[in-house]
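Next come two complexes built around chain A: one with chain B, the other with chain C.
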Partner chain A sequence: MTGVPDQPVLAVRGVSKSFGGVRALVDVDVDVHEHEVLAVVGDNGAGKSTLAGILAGAFRPDEGQLLLDGAPVALDSPKQAHALGIAAVFQDLALVDDLDVVENLFLGRETLQGPFLDEVSMEREAWTLLDQLAATVPSVRLPVQALSGGQRQVVAVARALLGEPRVIVLDEPTASLGVRQSAEVLNLIERLRERGHAVVLVSHQAGELQAVADRILVLRLGRVHGEFAGDASYEDLLAAMTGAVRPVRGEHDAVPRGARHAGGAGVVRR
Partner chain B sequence: MSVPGPTAGTRLEGSVPGGVLSGSVVQRVRGAHLGMVPIVGALLVIWAVLGVVNPAFLSAENLVNLTLQSVPVGVIALGVVLVLLVGQIDLSVGSVSGLAAALLAVGTVNLGWPVWVAVLAALSVGVVVGLGYGVLSTRLGLPSFVFTLAGLLVLAGVQLVVLGPKGSINLPFESWFVRTVQQGFLPTPLAWVLVAAVVAAYAAVLAVDHVRRVRAGLRGPGTGTGRIAGRTAVLAAVLAAAVAYLGTARGVGYTVVLFVALVAVVDLLLRRTRWGRSVRAVGGDRRSALLAGVAVRRTVVSCFVACSTFAALGGVLAAGRLAAANQGTGAADTYLTAIAAAVIGGTSLFGGRGSAWSALLGVLVIQSIANGLTLLNLDAATRYIATGAVLLLAIVVDMLLRGRREI
Partner chain C sequence: MNSGRYPSAVRADRVTPGSQTSLREANRARIVSAVQQRGSLTQVELAGVTGLSPATVSNIVKELTGAGVLHTSPSTRSGRRALQVTLARTLGLVAGVHFGTRSLRVALADASMRVLADQRMPLAPDHRADTGLQRAALLVAEMVASLDAAPGELLGVGVGVPAPVDVRAGRISTVGMMRGWDGVAVAEVLETELDAPVSVDNDANLGALAEARFGAAAGHDAAAYLRVSHGVGGGLVLGGRLVHGRGGVAGEIGHVTIDENGPICRCGNRGCLETFVGANVLLGMLSESRGHLTLRDVIARAREGDPGCRRVLFDAGQHLAWRPPTCATSSTRRSWWSAASSPRPGRSSSARSARSSSSGPSPARRARSRSWRPSWARPRRSAAPSPSRSTRPASAGRWG
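Take a look at the complex of A and B:
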């Protein structure tokens, strides 16, 4: 992977985003590093998906900017973000129900053979990818409508992996997965980190994150409410998510990584 | 990444626990993939019934008429299939076809243009109208139901203006255009050569696909030598039967060949090109298609343009067939018939599902009913009611398919 050591591959600076009167994100700063899994947690409506959408080019921030390798970029569309090496699995998966698995995986970037689609090579690559994810998709020629929720999720994850993006944003990738598939996806996330990808993992289940996250960013009501090390205790995360304790604003910028979860000591659970 | 061996697909398919592939999934998929079987069946039933009631219906001469009658509306329906697939509708196809017919007549008869110039002018009206609709839809976000309804009225008015006070212009019978459209039939030897070529090309494509899939270690639909032989045999039988039987009368009209070729080309584009995939994706789920990086606007515009252009071509062919353009060309029920044909043929009103062949099959159903009931001396009332009933049936089937897939 390219890039200056320690420089975030993707950085969010002072980003705010409103939907009508709803302030979904307020002055958010995030750094995304290669070889690292950044988890984003928060309660429902905290702004996690909005942040994921901004990283993936689906939303444009009202204020603030994105830096890719230190240079400001404006992501106008998911396609452009993908071209710059940022891929995402959206919370609602964004699959086209009437298209089959192969068609969905390659939608918008089909492999061609002359003027025509190269179905054979696409189908083969589809099997390779799904194999890596230990997917139990019965056939890649089924419309995704006919798949179970978990199978659909695996298809969406596989689509994000196509083309080896540098940054992979996963919005609740395990939400509808069973135990085995969840473990498989978390495993995959670790493998992605080892291969040097930057992974942004959005979840509201603080529990599963501790296994894979290097850093955990807590969002509450659109604001960053603390950044924790990957091994932060569940209680600390929960406290920050629910607002039982309010870490001093800006603290997360000063505290060195790894020492952070101490900051949550003494939190009283409600 | 390692390439899966020949067993990868097989193993995964085999490793699915019985429960996952249980009845409901299989049924759902079968429902979605029945494709043209129900409509072909319906067509055969209709033919059988009409043939029993009045044997003249199945005479070669009548079937030749039926094919010729089907072409103009069929070409219009082919365009309608495209807008429906992309999740839009065009109610103005009748007016566009009428305007195109009027332009052709005025151009050749009153202004003395060569036929090909007049045809190009008529077709470019279709292109321009489609571009306009595309802009209204993608830039202003207006619903196509509304602006094509406006287009229907506006263009019908323009058609009257173009036709002038007389309201009707006859094309000279001796013009090569009228002669070709009305009386141009494929010479029998050429027809057989064409059949052989098409069947050979079809078999070759299937065989090449098969070989590539086997080499890549893939299995699944579309493979297996038995399947290839079967599909090729069915195609050969259908084409040979049509050419042989119609050949006992006047034969296969040039316009019929043109229509079937257009359907085949559109089918190829829809199934085998990036554009076709975009059309189905946008029609199926516009937001997901956009997030996946599909050029949604361009796709929608292209379908509107194709639809209006096919509508104009349908009008040109109708004018040639009648050797006239008048206020009635493309009026009344033309657009309803074309839309009904697309839907009866199996293209969903809700976008994303359908096939180019539904234009051909749907128009054959509608024209068979019309033709058969006319032979029985039944009036337009019966024809409308029968066609309406079939349309209702087709939409119910569409709803059931869609409903089952969403619950």
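Take a look at the complex of A and C:
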């Protein structure tokens, strides 16, 4: 277990990304630590998913760089990011509905025994993974379309966990789920954190993020609009999200300190 | 949710290990625990989960249905006919809802007090009453549906909140204890949402009641219960009845003043016990050197031997060890139970009494059982909770 003062596993330095005329991210700095849930929150179009994409290797930043354990890396594809220990689960989950759970988990990286698939060991590993996540999937041989939203989410997370990644990026994991399934996903995030993974959780539901986050990064219009401690008050978060308050000193190096302070002492506001 | 709750009606008392009987026995337990864990599933899925053959599953399900343990209803799965298996319910369902400081927990049980479904959900710090209550109501409704039960089968809901409660009105009576929950009519809101009678009480009171009726304090006519989680709460049972006191504050040991010059507490008084052992205070002491931690992290690290985390828990234990006697001495002291938030905060109440060290001792006891504890702390150990002990602890002078 490492604490916050340690070196970040993954750091984003001065990253910008544009899609045509839209500046999705402007000069963003983020640190991701092990054994920590970093929540990224923002309004629609704040650049949350772009940031998730950049961390997961789906997008290449126009400017700036990513540091893995302090060394610059270029992530060209999610596959390469996964090889470096960064796994992502995107909003659409990218599961194949007609394949069963085991086939989905190992799609593209099947375990082979000679020329044949080693179904037995794959199934065993699938159960191990799902059990670790305390998943309530009835059978690993059910097609994914027969599972509930929460169970699919668990399968997608389990797939990301293959190969023991150090950083897990979850993009809107509770967006389409009911209360009970959201509860499952939030418990799952807590367990991932306890297992020592670094979790980057992207969502626009501040209340849900606060339940599990150690740190909360607020994005607004592609810029970092404040970094808060996990116990910052909801009002402070909303104010930063909606632009009701401005970052204290403009640039992000100054913002995290000031905002974190304000966040920690959010009680002062009332 | 383990196979330990497997009804005794089906369990043969002695079976030879490795025999046919023991195998069938084990298979039955597997099926019951699988159904318990997942609420409701078809026989085919049951075969998948347990790894038993469909024929075995079918036989066992038939047998257990006959014994009144399971309940089957016809349904369809992928267009084929299937048999949906649930635990048998007689006389409807009851729900228990616990709002913790950082989590919500909902459990459903049947009238025979067997827990059928159990779900925990982390909550934000300073979670709001409106969203919290709505979530709890939705969660109860979803869990009832997952057991294949109609909403009308819900007979009643019990709610525990970490604040003093005016039991008759079903609302939180003290201002400032839970931010955003002041004066919220918890019972009224949930009753309209769930259409079932709702009763609300302080969570430590409910813990005390549970221990007095079914747990460690069963058979004693006076019991006090200490709940140590993010905050500190206490419940008193006298003559088998809960003592609420005026405004529901009886036994609220977390707000007994231990330092007249101490910091101002959220309750408005000065130097309350909670300003020394509350989770925020403990975490605050560690945040400078160890960054952002959760209560669970602190406990896990203390177990691993982190001296700072141990120290914090040790000190908290000392403060706690000083306080219980002040409220216990006034009543006839028979037994003390403490539910500590050890591996999982919020999971403490009835199931985890701190009697056996394996079930999560309170920070106080844990700290005192460390090998490096100072010698002056040792005598107090004899005052550790024990039902068989006489009414006065050995070190009564110190405690009184």
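Rule of thumb we're sticking to: the second predicted complex is superposed on the first by the 228 of 270 C-alpha atoms of A that agree within 3 Å, B and C clash if a C-alpha of one lies under 4 Å from a C-alpha of the other, contacts with A are read in each partner's own complex, and residues count from 1 in each chain.
Simple rule for what comes next: a residue touches a chain if its C-beta (ideal position, glycine included) is under 8 Å from a C-beta of that chain, and two chains touch if they have at least 3 such contacts.
Just so we're clear, the structure is a prediction, and the values are computed from it rather than from any experiment.
In the superposed pair of complexes, A:120 makes contact with chain B only, with no contact to chain C. Of the two partner chains placed by the overlay, chain B and chain C both lie in contact with A:142.
Of the two partner chains placed by superposition, only chain C is touched by A:229; chain B is not. After superposition on the shared chain, chain A has more residues touched by B, the comparison being chain B against chain C. In the superposition on chain A, contact of A:82 is made with chain B only, not with chain C.
By the touch criterion defined above, A:58 reaches chain B but does not reach chain C. Comparing which residues of chain A touch chain B with which touch chain C, the overlap comprises 136, 138-142, 146.
Contact residues of chain A toward chain C in the complex are 1, 3-5, 36, 136, 138-142, 146, 178-180, 182-184, 186-187, 190, 194, 207-212, 214-215, 229-231, 233-234. Chain A contributes residues 58, 77-79, 82, 90, 94-99, 103-104, 107-110, 112, 115-117, 119-121, 123-125, 127-132, 135-143, 145-146, 148, 159 to its touches with chain B in the complex.
In the complex of the two chains, the chain C residues touching chain A come out as 37-38, 41, 45, 48-49, 78, 102, 104, 119-128, 131, 135, 138-139, 142-143, 146, 280, 290-294, 296-297, 300-301, 304. The touching residues of chain B, when paired with chain A in their complex, are 1-4, 8-9, 12-13, 15-17, 20-21, 25, 28-29, 32, 209, 212-213, 216-218, 220-221, 272-274, 277, 280-281, 283-285, 287-294, 352-353, 405.
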